[in-house]
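Same chain, two partners: subunit A is paired with subunit B first, then with subunit C.
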Partner chain A sequence: MARILTYEEKDTWIHRLSGVTKLVFFLLWTLTSMLTYDTRVLLVMVVFSFVIYSMSRTKWRQVGSVLKFIAVFLVINLIAIFFFAPYEGVNIYGSRTELLHLFGNYTITKEQLFYEFNVMIKYFTIVPAVFMFVVTTNPSEFAASLNRIGVSYNIGYAIAIALRYIPDVQDDFTQIKHAQEARGIEMSSKASFMSRVRNMASIIFPLIFTSMDRIDVVSNAMELRGFGKHKKRTWYAGRKFTAADYITLAVTVLITVTALVITFYDGSRFYNPFL
Partner chain B sequence: MTPIIEFKDYTFKYRSQVEPTLRDINLNIYPGEKVLIVGPSGSGKSTIAHCMNGLVPFSFAGDSTGTLRIKGEDPAKLGIFGMSKLVGTVLQDTNGQFIGLTVAEDIAFALENDKVPQKEMFQKVDEVANVVEVDSLLSHAPWELSGGQKQRVSMAGVMVDDVEIFLFDEPLANLDPATGKRAIDLIDKISGTRKATIVIIEHRLEDALYRDVDRIVVVGEGRIVADVKPDALLAGNVLIDQGIREPLYITALKHAGCTVKEQSRPQHIESMELEPYKEQVRKWFKGAAFEKKTLNTESALCVNHLDFSYVEGRPVLKDIHFDIRKKEMVSIVGKNGAGKSTLAGLICGFLKPTSGAIYLNGEDISDQSIKERGEKIGLVMQSPSQMISKPLIFEEVALGLSVRGVPEEEIKERVYETLKICGLYPFRNWPVSALSYGQKKRVTIASILVMNPDVIILDEPTAGQDYRHYTEIMEFLKSINEKFGITIVMITHDMHLMLEYTDRAIVIADGQLLADDTPANVLTNEVIADKAYLKKTSLYDLAVRCGIPEPSQFVERFIHHERGQREGGGRNGKNSDL
Partner chain C sequence: MKIRDFQSRDLWLRVAGHRLVVRKSSAEMERKMEKRFGIKEVVAIGIGTALFVALTQVQIPLGLPNTYLQPRMAVLAFLAAVFGPVVGGVVGVIGHALGDAFFYGSVWWSWVFPEAVVGIAIGLFAAKYAIKEGAFDKKAMIVFNIAQVVGNAVAWIVVAPLLDVLIYKEPALKVIATGRRRMSWQCAADRSAGYASGSRLFQNRCEVFEP
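Let's look at the complex of A and B:
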């Protein structure tokens, strides 16, 4: 079975970075991208995003299906903005350059197009960063580095173990679904939406019970091997902060500050080419 | 010498139960010993294991009297973590206990919890990985491993701790016969090189005895019934009385009228002194009745040159071809991951074949949906909890009919009738949760049976069941096969099952059909057994060593004799009803 959006081991400088470094980068990057509407800043960020994305040597099959989903969502989002707020751009940029009258109260304006273009490139700045974080971060190493910066190892391990058992639960789900389908419970699009929701229960309950059995075994196995014995623990997959980590963090902070200074320099989050 | 494990007048009662599970246990195990603990389900053998590793009383609370000392210490005072330094436990569920995201991390888990520095960890992990031969798999994720490999990782995971006692809780339960053999071999190796004390809990006696053990402790109804050397145990009758399956060659010798003597060293068929018995076995072989079953010629399920692959160019199944006749009981066997479950998926329509076709009663069902096929081909999953989705027994059994819009009155009638057949009628209004495992299994079979299928496919119907439950489930299946003429196909790696209950075995190895023959022929053929990760039956060795030229004939006769006995009132009344 192909596993989408999961960590894959590769030897690049991005993979070698500590999980915490990548988390900090991811958070600051997303924050900046959400705050700014400065087109110049966004364009630079897009280019930067794609450069590091290609450096991470992420393959299409690792992210492809999720990307398609996001693309559809993006299109819906853009259309919806136009229909719910056709003159948002006009309000923001304070001018109105009409291009084409559609119908009723809907006219395409240059300002609106520019505004929606900004929304679109925001996606392009964030999406590669998300993908990269997920597919280049070894969950165990991530748990270890979270622990090092003071987060309780229980939380870190909870994340790691969830990732460990997600494929198992997925397999259980498919098996149970098949067995119930064979009994005549229709899960395909042939059934109405409501009956599919109701039929879902006949998969969810067995899934919960098998998962409970699993939890029993896992918690006993963990305890028998001394999990929770001490306040601290060491990590096989742990990694020390290297020079690359410090440099990355410094660069990340620098980019964030610069981007925000440029954005808010003139007192508005928007870059206005119509002045 | 002072014992490393010492139970003295030990009685234990779980808090949730009224009666004690263990009563007056007196048991000494000495350093370096290798002890096998056997007993039927519910005998208390697992509780003994839990007492040794500290799960009792720390995870399973209860009250105890008497004393228990592990290396002179009281487990209740040492705590579960203190115990984990003395006793390393390998659990039955090889997948469930795999905690780490990779092999290396899983092995290192105990070290991590002990704050061992990373450098030292790397070294130790490499060292033990070498011992159990998983060193080439260190960066593999659990889903890339086979059951046997996972088990070896678990062994490594307790070995890093330098424990003095190794406790194996049903190590054979989830493994195919050849992998099980390898596991027993590895346990033997650990006991030899590490000078560790080994305790194995298992009910598959013959497989567990593949390598020498020093003593066998038999547990029955919470008490120790026997604590003797293997040779002495096999010469006595304790096993049968406790409902534990004897090694097949012992049973065969008894059928032949021999009294097995301790002096003959019956622990291994290869080294047993057979001279006193040979003549009698040969005589029995000549006289034993044997009847060739006439096969029905009408086809029930025909798989016609089936190919399947998930990814083009990497076939999972290649040119699978067989024809199952009406009213047959057939087993599909082969090692874990050979493609058996994929085949079931193709038959039920969860997967689409790359080429080839499947015929049901002579009719091509390639175009039928899962639901349509489900009306004629029922699939029973391995664990009842994978299927049961309704709180009440009646609702659960009625599910398949009610989703098909069968009128209420008819549903009631058919469900009641099915419940009567399955012996579940008195419980019809009970919640499913109040039933035992065997009864739940019956509920899942009933919920399939109610739809009047032509064929029932069962995935590992007896996995993890002791001899008594095994016999109950199988006799029940046999009865519905005989009474209603339902064709039964079982996917299994239980060799006893294929030998005793099926007329034909379809052997699949590495995605190809390796054999389609009587189980007796399959299990006496070394080449097939090796390729399919099966194990030659010990009856074969017995026949050969007694100078019988047709070992597979001998096996046939043995099975025939066994079946005759079972039909004649069961063995010592152990086929009690649920």
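Let's look at the complex of A and C:
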């Protein structure tokens, strides 16, 4: 199983930011890029995304496998959009410039290509932001930050545990899968559907039991150390807000507001170059 | 509620002629909550979410486009049945959101919350299943299956399309409305077909169509 994104210690200004700042950036950034279809806004955001991404000094090996997965997914998605709604672009931009007739009811139009281009660069704006948030935020520090902005420390801790244990659970899954494959179960597409479901169950059940064990071990350890005794707790990994945090927050809010104003001032989410 | 249970810190509300008591923070209540939400539940949410997220990638294609059997739904049902509605709901929300973010690079919010509905619905009857006590008998299985069918139906046939409309289709943006509505009703139809054929594992991924 492909390893997913995990935090890696580095010393850049992005790593030094508080987890709250990065969370706010992440939420506002994805919200903006979800709402806007304005090509100009999106292109500016793409540039920003890549600048920030390169500043975070993220290495290819950290994100490569996930990126490849997303790339494949993006291509499938773009093709699927075309086959499910070949004239979405024509509807949106209100004009029709045919480029190439394919077959039956399918004609490639300039409007459709432009619409799908927008969908594509939406991915390019969000993906670096997600990567950056995940690989630069220390899970423990993130839990501390969540608690600081008023989230119950139980929930903060649960999220930190989740982020911390995803790779471990993935390792468990791979090990169990290999063990079962060694015993002769077939997990590839060669097997029939029903036998794949059965074989999947022979991986999932051991995985669930291992995880239940893990829950016992971790909660016993936490109990021994007196977790949950008091209403408040202090955080080893907590981080104070610095000037850089305030500046980042201000710039993020500014970008979001500007982007939304530019997007919506003419009453449409779309930038229409075909007028 | 008996009168003598009432405490001076409680808040009284009058809603449509009915008198409601909203208990602000009685110590007794808090102790009860604590019991229900202890260390084990915190860790269960954590590890459960990790499990849910890790299994996001594990899917068995059903032959229909973008429709997969998702084993992670079984894990969610199991966790909810063992640890109750809070764990079920929170694992659903956080797990789906993180899974989307890690594997698809964006979060489809109107599908995140129905996941919680499933978790809560199954978890509400956790005491009835008595799994920890080792007594998951025939009666418990019947309750479990009713809960999961109703929960799934409400989540994916009612809540998900409703949120699709609320979150992603503001009326001012009529331009894209038709396309997306068609998409989301189509999803609803697919999903109900999935559930009708009797598996709680069904969940198709219509959400791939737009980031």
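The criterion applied here is as follows: the second predicted complex is superposed on the first by the 254 of 275 C-alpha atoms of A that agree within 3 Å, B and C clash if a C-alpha of one lies under 4 Å from a C-alpha of the other, contacts with A are read in each partner's own complex, and residues count from 1 in each chain.
Everything below uses one rule, namely that a residue touches a chain if its C-beta (ideal position, glycine included) is under 8 Å from a C-beta of that chain, and two chains touch if they have at least 3 such contacts.
Remember, it's a predicted structure, so these values are computed and weren't measured experimentally.
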Mind checking subunit B and subunit C on superposed subunit A, clash or fit?
-> fit
Once the shared chain is lined up, is A:200 touching subunit B (first), subunit C (second), both, or neither of them?
-> second
Could you say whether A:178 touches subunit B, subunit C, both of them, or neither, answering first, second, both or neither?
-> first
Check whether A:234 is in contact with subunit B, with subunit C, with both or with neither, and answer first, second, both or neither.
-> first
Mind checking the angle subunit B, subunit A, subunit C on Cα centres after superposing, to the nearest 10 degrees?
-> 80
Please work out whether A:154 is in contact with subunit B alone, subunit C alone, both, or neither, and reply first, second, both or neither.
-> second
First (subunit B), second (subunit C), both or neither touched by A:73 | second
In the superposition described above, what is the shortest C-alpha distance between subunit B and subunit C in Å? Please give a whole number.
-> 10
Under the contact definition given at the top, report the residues of subunit A touching subunit B in one complex and subunit C in the other.
-> 160-161, 163-164, 168, 214, 218, 222-223, 227-228
Residue ranges of subunit A touching subunit C (in the complex, touch as defined) = 1-2, 4-5, 30, 33-34, 66, 69-70, 73, 76-77, 80-81, 84-85, 88, 91-92, 119, 122-123, 126-127, 130, 134, 154-155, 157-166, 168-170, 173, 189, 193, 196-197, 200, 204, 207-208, 211, 214-215, 218-219, 222-223, 227-228, 267-270
Sort out for me which residues of subunit C touch subunit A in the complex.
-> 34, 37-51, 53-55, 57-58, 60-63, 65-66, 69, 71, 74-75, 78, 90, 94-95, 98, 101-107, 172-173, 175-176, 178-179, 183, 208-211
Hey, which residues of subunit B end up touching subunit A in the complex?
-> 53-55, 58-59, 80-81, 84, 89, 91, 93, 95-102, 104-105, 108-118, 121-122, 125, 139, 142-143, 157-158, 161, 345, 348-350, 369-371, 373-375, 377-379, 381, 383, 385-390, 399-400, 403-404, 447-448, 451
Would you mind writing out the residues of subunit A in touch with subunit B in their complex?
-> 9, 138-140, 160-161, 163-164, 167-168, 172, 175-176, 178-186, 188, 199, 201-203, 205-206, 209-210, 213-214, 217-218, 220-230, 232-238
